[in-house]
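Mind looking over this structure? Questions follow.
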Amino acid sequence: MQSTKEHRAFLIGRFQPFHLGHLEIVKRILRENDSIIIGIGSAQYSHTTVNPFTAGERHLMISRTLEREHVYNYYLVPIEDVNANSLWVSHVEALAPKFDVVYTNNPLVRRLFTEKHYEVRSLPMVNRSEWTGTKIREKMIKGENWEQNVPEPVVEVIREIDGISRIRQLSTTDEDVP
Amino acid sequence: MQSTKEHRAFLIGRFQPFHLGHLEIVKRILRENDSIIIGIGSAQYSHTTVNPFTAGERHLMISRTLEREHVYNYYLVPIEDVNANSLWVSHVEALAPKFDVVYTNNPLVRRLFTEKHYEVRSLPMVNRSEWTGTKIREKMIKGENWEQNVPEPVVEVIREIDGISRIRQLSTTDEDVP
Amino acid sequence: MQSTKEHRAFLIGRFQPFHLGHLEIVKRILRENDSIIIGIGSAQYSHTTVNPFTAGERHLMISRTLEREHVYNYYLVPIEDVNANSLWVSHVEALAPKFDVVYTNNPLVRRLFTEKHYEVRSLPMVNRSEWTGTKIREKMIKGENWEQNVPEPVVEVIREIDGISRIRQLSTTDEDVP
Amino acid sequence: MQSTKEHRAFLIGRFQPFHLGHLEIVKRILRENDSIIIGIGSAQYSHTTVNPFTAGERHLMISRTLEREHVYNYYLVPIEDVNANSLWVSHVEALAPKFDVVYTNNPLVRRLFTEKHYEVRSLPMVNRSEWTGTKIREKMIKGENWEQNVPEPVVEVIREIDGISRIRQLSTTDEDVP
Amino acid sequence: MQSTKEHRAFLIGRFQPFHLGHLEIVKRILRENDSIIIGIGSAQYSHTTVNPFTAGERHLMISRTLEREHVYNYYLVPIEDVNANSLWVSHVEALAPKFDVVYTNNPLVRRLFTEKHYEVRSLPMVNRSEWTGTKIREKMIKGENWEQNVPEPVVEVIREIDGISRIRQLSTTDEDVP
Amino acid sequence: MQSTKEHRAFLIGRFQPFHLGHLEIVKRILRENDSIIIGIGSAQYSHTTVNPFTAGERHLMISRTLEREHVYNYYLVPIEDVNANSLWVSHVEALAPKFDVVYTNNPLVRRLFTEKHYEVRSLPMVNRSEWTGTKIREKMIKGENWEQNVPEPVVEVIREIDGISRIRQLSTTDEDVP
């Protein structure tokens, strides 16, 4: 990561949680680039069924997984949402080291970076029938086998933080009188 | 309320409006505690069909009702929403006097306080078929008898602020060309 | 616009985009008033299918159209949303020159200004089957003839900013793995 | 506090801490009005030498003092600063029950309420050589006798929250290398 | 302002108030460009001695002055401060029509636009001993002749809004006990 | 970093820029702990003489330096300021992986973590006459030898981003007429 000619890629995701599809994408991007900046999106959110884990918990999932994989040429950057799309690229640019190319399949992310003249590449499709955050969170709630879809260190982190209990509790119906 | 050993409970609600179910809950909580902190949630919102009344109007409904009931051992605290669940307990702690126990049936509120090691107790169920904000607001809009479901001072406050006219107007269809 | 006795009207819209219905409304309001303040609402939003254009782009659409129409007695004011309805009228009052009357069909806008003792008048209905932002944006996405529903300068501005490409890209399905 | 003809006064302060001057002012205002709304200003701030106490701690100081004084016709309302003066009166109006008169010696508060057509009255001067927050906080830091300038319940609250230790620690020089 | 090849300049100021120096600068910039975007900076502030006038009041000062001067090829855009310099250029770009060149003597503004590859030109110096907001506001407070340093329409606006009374009141010492 | 029994320390600084004193502190902390979380404070600020570098630039300075030093057991977390001290510890907890001990000499940071029952340790004093951000930034502005006080990779990063030109330009006097 030391050369000033390092060619850096940018990838953003919510990583709720970081799963095997994410890991595969990171590895493929690193075949084409010297290093990768992994933006942890919607960083301020947590404790909802869609965003159950905090940015710090997701940071730990990713860094522990990549260490286990002996991947070191990455930068992890939590990125809070801003409420104006027109500011978002500048917001990312301020928080992350400079990058040369953006990988995304999200139409909005693609559009915003394209309007700022970035090169944007599509992500490879990797087993989208199983490896999506939505399906994995559903399995967590229903008590099905979610562990097979995430790296082993992610299982460890979720256990340490009592994550399954959290997402299940959050998924129950609100019975509050007020 | 003077002893430093005062045992305080915390209850949060939106109180749109404060109704007989809320009053019953407050009284039951006070049987088990020296005093109650009543947090007026979503305090910044008003003038929508779901949140028609301002925090100040809800403050008046509650304090006038409790005065009529000769209840004085309470603290009323408006609490604006914060957009990050991870900050919410600290936000409440900064705005309210210290408390020993939380009463809620809301899964998120329960989870957030539990993770911060608070004792959390469930609310009693009190006539949930009639005493809910949603039903009372519907009756206000439809011109049905909502007054029987709220304390008399709440009827007075809503009349003073022309509240029925407000919620009805807000419930009409938007015909705006822009 | 020089007299201190100038009678000013206030009109707010999102103008996504500014269309022939808006132009007709502006002209009719100017028959009853010395000048008009045109508030560009939700000014901070852009790059969504509902709010595709920035406040600056909308500013250009409106000012170029009104110049073509030889209308000069107007004030254009971008107005960002505030997240509390109770602050909104003061927010508008701070950003805009003083005004004497509000034109709107929106129940919330009507209510908020009425509670602050403004005179509020209804907007005339002008060809609502064709001249609505929703329909025009749908036509843009589907490749139908949207140009006939907006003033010619608006067509020019949208071409200059590559607006049709933008709204179509934003309307595609999100295929992002993260 | 029940009559709809209740004449209410509004007073705002930071109450860092609530002292004998404040208590005297509250009593005098209550001689001229049916009830008083006490706004706890700069409610979001704490843990600085100028704003050492949280809104919740100040709430407790004031309510415990007024209970000891057998004063019950008051409303306590924490009011966070907004960063735009033009919104401040509406912000107060949304958080507090309606009021008829404002008591202040602050030129900005006076101006803002006057421009919104409120009646504004001056505060009585009460022993300003001793009873100011600045002097009392200085005494706290220096270890001088600050207790004589505040009501007894305020002394109790500050002891319960370990307040003197807090303000002293905050007043030490920053020795942080970063 | 209709041609798509219109060459636009961007100028930002606080215009507290708009004075003869500002007017001279606007005219000179228009000799070199087809049109000018005038950004009203720190738009959210008002009612302080440094920022006495609201964005709406400043809007009126500028538009009335330019109408009297028969200048029409300008765009007036209030621009609220953002609390992160790294977002500021994008914030301006979202609120204003596109522009080709920036005029400023402010080192920060110059730097921020230069890093985003804008052409930045220096402002001409015009009678800086008299024509500065600071000096004019001092004269207003002291009761000296400030009217000679601003365009006639600005005098009118300030009279209409009772501006001299406002800035004088705000400049008095705070005597508030709380 | 893989064990669930990993003992983690937390250090926060602004790192404007990251210098030899910071590096020495990081190394000493790592002698007492398994890993370190380095919080990049005031992350949203940049382009001022006190905070010249963006969070992303500081991220690069630190990660490149630690790679050169063969230090890998660290987590880098940008932390934006929040405007309420009472929320700050929760804000840090949400953004960072869990930690066991805090290192700081800052009285406020010490107090806030102590009130939340964290163990807080003092930082070692390391050549404070030379290794402070303030002095290094002054040398940058005056053209003196600042390079000797920062790790070699920091010199490289600052050159790549043209950092000296930036801080010098920002330090010049504002000559803006507006």
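All chains are identified by letter, namely A, B, C, D, E and F, in their written order; residue positions are counted from 1 within each chain.
Keep this in mind: a contact is a pair of C-beta atoms (placed from the backbone, for glycine too) under 8 Å apart; a residue touches a chain by one contact, two chains touch by 3 or more.
Remember, it's a predicted structure, so these values are computed and weren't measured experimentally.
Which chains, if any, touch chain A and chain F both?
Touching chain A and chain F alike, sorted by label: B, E.
Any idea if chain D and chain F meet via the same residues, over half in common, or different ones?
different
Let me have the rounded angstrom distance from the C-alpha centre of chain B over to the C-alpha centre of chain C, please.
That gives a centre separation of 37 Å.
How many angstrom between the C-alpha centroids of chain D and chain A?
The computed centroid separation for chain A versus chain D comes out at 46 Å.
Return the residues of chain D touching two or more other chains; collapse runs of consecutive numbers into ranges.
Residue numbers touching two or more other chains: 44, 46, 54, 84, 86, 93-94.
Chain contact graph: line, ring, star, complete or other?
other
Please list each pair of chains that are touching.
Contact pairs between chains: A-B, A-C, A-E, A-F, B-C, B-D, B-F, C-D, C-E, D-E, D-F, E-F.
Can you list the chain B residues touching chain A in their complex?
11-15, 21-22, 25, 41, 83-86, 104-112, 115, 123, 125-126, 128, 131-133
For chain C, which residues count as touching chain E in their complex?
1-2, 4, 43-44, 46, 54-57, 59-60, 63-64, 67-68, 72, 75-78, 80, 93-98, 153, 156, 160
In the complex formed with chain F, which residues of chain B make contact?
82, 84, 86-87, 89-91, 93-94
State the interface residues of chain F toward chain E in the complex, per the touch definition above.
Touching chain E: residues 44-48, 54, 166, 169-178 of chain F.
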